[in-house]
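Just so it is clear, A, B, C, D and E label the chains in written order, and each chain counts residues from 1 on its own.
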């Protein structure tokens, strides 16, 4: 809690804002009474940043991402995406969304799964084919176009679903625990690839995770949240360089950031 | 899940209802040109449609959940009445709801006697015997995969025997009174119940079974503490399916010989006598009894399988 | 240009309706400028309801059912009566000890319903035997389609027709001397069977009446032919039976038995027979089949007069 | 449901794929054969027991004594047995299925075909109606709330009771022939289709729906690209129930249409004349048809789901 | 691979053996052909040890635990539990098993779930009640006896399932990724509690996990496995003291062990 005050909302990044939230509040009405999922969330995300959201289960990470994606409407407060309302941004195809589970449609081949957004957005056949191929190559799935999802391992499916989100040119990538279900080794590998991809494409990434090392390893900025009502308790700008080999995780700088994240999480826990 | 349907309902409520009434007006004018008789029918239909859409868009509550189907049912009744009156349908073809109601209230003792004969003696006793027998059989063959693999396909085959054929045979075997009706019901409900119970008994997750193994639990301990409770959603699914089968079976069997009472007897006799209002009165009783029977089993299901995800909330 | 007519039979295709099938097969209808469709009946078909629904122009029906329907507001009119006598009877197993109607109380009797129960009910009220069971009354069963209740000894007596079910009992292996029969004719409660009926309002149409007259004339030709050539008539009936379930032996016998019932009628309804039927039905004590004399409106000689002039 | 892939230690050995396949067939067929054999034994015993009353009665009427072996011999060869012996039914089936030309009215195949054509038409009607209702229910909240309870109530009405009325009413508006039968058959088959299809169309999880929302897809696109394909397994499961119900409906529909042709007519005419053997063979034919139809739907299901990549 | 040779099977612990495996092999026969799940597994676990099993998905961790619990029979090789065959050990109620998912029976309340093994083992009513209460207190679930499983959070359910395994006096606790589904904070908390419990009760624990920090934090011995056929590639005896505050994880010793585990996993991966 205290940490949040110490770290005012001064972004060091000179880039233009991609997502800005001001006093965002969201309350769900349920049979058991209202659930306060987000409370007074202020955040500013610049272009090309990689922002991780971390916090205990149920603290509102997914909800925040869904608000950005216009899948949920805030009860009060303001949010803009690329300077427009989230709804307009969606219609302008501003973002790709990667869900926690791969969520591929089992009746479509990998290739056709990747083409799904392209079909809906009315790309030409040739263009669909071209993009599908290039994007599958990007995630190392060349040659798997004709396979069905269940013929692939969990990690490969997850990569396919990332490919699906990359297939159309969205500036913003929203990822909700994309690697939650994978084992550590595969996860490390995908983390590495994701970083490379991000470096190459200059997209803005919003990434939800439960894993402290993952958050620290990937992000330029880490947002720590506390549970009900979901608030931001700390925003940490990472001192790590953009170039990050896997064993940066054994470095002291890494361990320090991880420690701070853990402390932030603790502090949030004790509040409740 | 249903909230995905909300935007539609919303559309008709706000500015949409203007559109809706506009469209309705156009339809009415067209109808007027085609046949003036259609006018009140479409007007009633349109109005209740709008009303229902409006109620459905309100937050879900006990009242709206009841109101919508009731309004729908009333609409059907009113339309029925209007069709019969406007087009002067002869009562020996399709009596009006008011005529049916008059007969229903006038013949309560007969209807009650028929109900007892068919529903209580025939359907209910057959239902209880058939379901109980199937349940016990399922538990017995549960220990033998061999018997299961043999009985289930054969059972599916036997379940496909049409009742029109089995009913006369069973009437010949078991006589005219309710015993043969119960026998028909037993035959009809046995296999659906068996299949569901067998499926239910194997519905435990392997982890749940392994847990029992780690306790070195006996067969009976596993059966009573794990498999029967886990089977209950399936068992009730079977019980629900069988409620409608039971009533239909008992009624149909009466077509093939019966004492001179019972719902099936009355229906077939009154059709021959052109007493269509009485026929529909019996059908009403059958539908009410069937729905109530189904509802009762559903309530029991709720009480027993309260823990199942489909029953929570 | 042929006039189209649809005839709804009371029961399945069998010798009972030989006249109509013969008339069709032999071209008598065609000769009369008619295109006749014959619809077989069955246990689930009430001819009265079919004609009310417009599914037929003419129906073959028993008079009690027709008069009952008339009282219910379906104005049926008898236009011809090819059957002079009733073929209904009650058949009992001798071993049950039933010797006469006085033995009925306490017994179980099989009766056809679906509009065919009226003759039985009026007989019982003649005898003043209640039909609600008990010591004094008779236990009534709704008899199914066949004679099993007698064979399985579920009933002491069952309803049979002289031309059909009776012979099924015999064929099943019970010798005639083991059976006792009570013909409705002999009991004085006979009612008219198998007449031709149409809806009253349609008789206002002269063209329809003309077609009906030709139809009745051709049908009666058919009945005459059937009576003279019973075996051929049975073959024709078999030809039209699409279930493929009838046997030649049974149908030949049936056509011969039917001839005994049609004998003595040229198709014209005898008003005395009509009155006898009405009286029988009205005499039903507390629960008569019909509550008032339908009067002459329930029949007409117009058609038969036109047919046989 | 949760059958483990293989019991521990239950190895297929060296026999390889063919052996495994043979084993599979034997595994399935043996128990069925055993049960069928048991049924035959019981059937014969029951035939002797149930038919002996008649034999004894007849002997008593003729004033004769009969020995046990005479009883057995007689009970298995009666003309109108209470329960025909399996071989009597088999002979009748052979006569009417194999021995007759299929165009003959005495051929069961002919009658089966008549019933099947009404079944298929009715199944078509029922399926289309069921799917349309389901689509309406899923997309329209008012329909969702109003149709379902009445659909359930409609199934508690005994169809045999209203079948004659349906036929007469349709007749009076000029609909005749195959269609009324098909409508009765559709009445029975639409229900399982509605129920299955509603759960099928609602089976996509929130995430799968949200994915399309992030693409700003229209309702129609959601239907064609997500709901419909996702509903296929549910659809086929209910089609199997539905087609069996259709067959029953077609048979029921044959009674009030004069029962002139079809398996229903065979059942009834067998019934009028006490031809139990005929009833039994028609019954078995009907069950075979049902098994066949369900089998065909199952095969189509396999093919479709395989082409959709939904079966492993 | 190499590590396995360097570290011979010399257990430093002087305690009597609880589980010994010698050349354990297990092959599953499946429709696709045989799956070699365990190959030549040698292992010796002393009384009171806390042994973690770590390795990529599908490497046979669960299978090994199931063999110990007599839920699976090895194709060849020898295994003893408390000096008997696993089957006999099971009948002697030698162990409690905690599955990956909580696996509570939804039709029983938490209290009744915990009583389940006691009912089966024929404890008296009073004894059942007594033990249920004490064991629920142990896992911090006092007052939840009357609740149904679905009314509890995932973490609480998992604790209830641990309580269930503790309710009867088994010497050996087999736990298959008991905290796999939980978020990091709850997991930390449960890890701490589990360690305390273990210290208090002197039980022998066999613990499967995917998380390197978790394995290092909890164990006296870490068994690293490699995938198909599942073999043991490394057995690491932890130099950490038995007393372990949570922030021991920022210590160099901890990081070293974690590093060695990660290297072991890497090596195993590269083999395939």
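Observations
In this section, contacts are C-beta pairs under 8 Å (C-beta built on N, C-alpha and C of every residue); 3 or more make two chains touch, one makes a residue touch a chain.
Everything quoted here is computed from the prediction, not taken from an experiment.
Path length between subunit B and subunit D in the touching-chain graph (shortest route): 1. Which two chains touch most often is answered by the contact tally, and the pair is B-D. Spacing of subunit D relative to subunit E, judged by their CA centroids, is 51 angstrom. Taking each chain's centre as the mean of its C-alpha atoms, subunit C lies 37 Å from subunit D. The distance from the centre of subunit A to the centre of subunit E, each centre being the mean of the chain's C-alpha atoms, comes to 33 Å. Centre-to-centre, using mean CA coordinates, subunit C is 86 Å away from subunit E.
Within subunit C, contacts with two or more other chains are made by residues 43-44, 46, 49, 52-53, 144-145, 148, 152. Residue positions of subunit A in touch with at least two other chains are not found. Residues of subunit B in contact with at least two other chains: 93, 168, 172, 205, 255-256, 268, 271.
Touching subunit D in their complex are the following residues of subunit A: 66, 69, 71, 90-91, 93, 95-97, 99-101, 103, 105-109, 116-117, 119-121, 148, 150. For subunit E in complex with subunit A, the touching residues are 56-57, 153-154, 182-186, 210-212, 250, 255, 259, 265-266, 269. The part of subunit B that touches subunit D in the complex is made up of residues 1-2, 4-6, 8-9, 49, 52-53, 55-57, 64-65, 68-69, 71-73, 76, 93-94, 146-151, 153-154, 156-158, 160-166, 168-169, 172-173, 199, 202-206, 244, 247-248, 251-252, 255-256, 264, 267-268, 271, 276, 279, 282-283, 286-287, 289-291, 293-294. Of all residues in subunit B, only 90-93, 168, 171-172, 175-176, 254-260, 265, 268-269, 271-275 touch subunit C in the complex they form.
Across the complex, subunit D meets subunit A through its residues 205, 207-208, 210-217, 221, 225-226, 229-230, 232, 308-310, 312.
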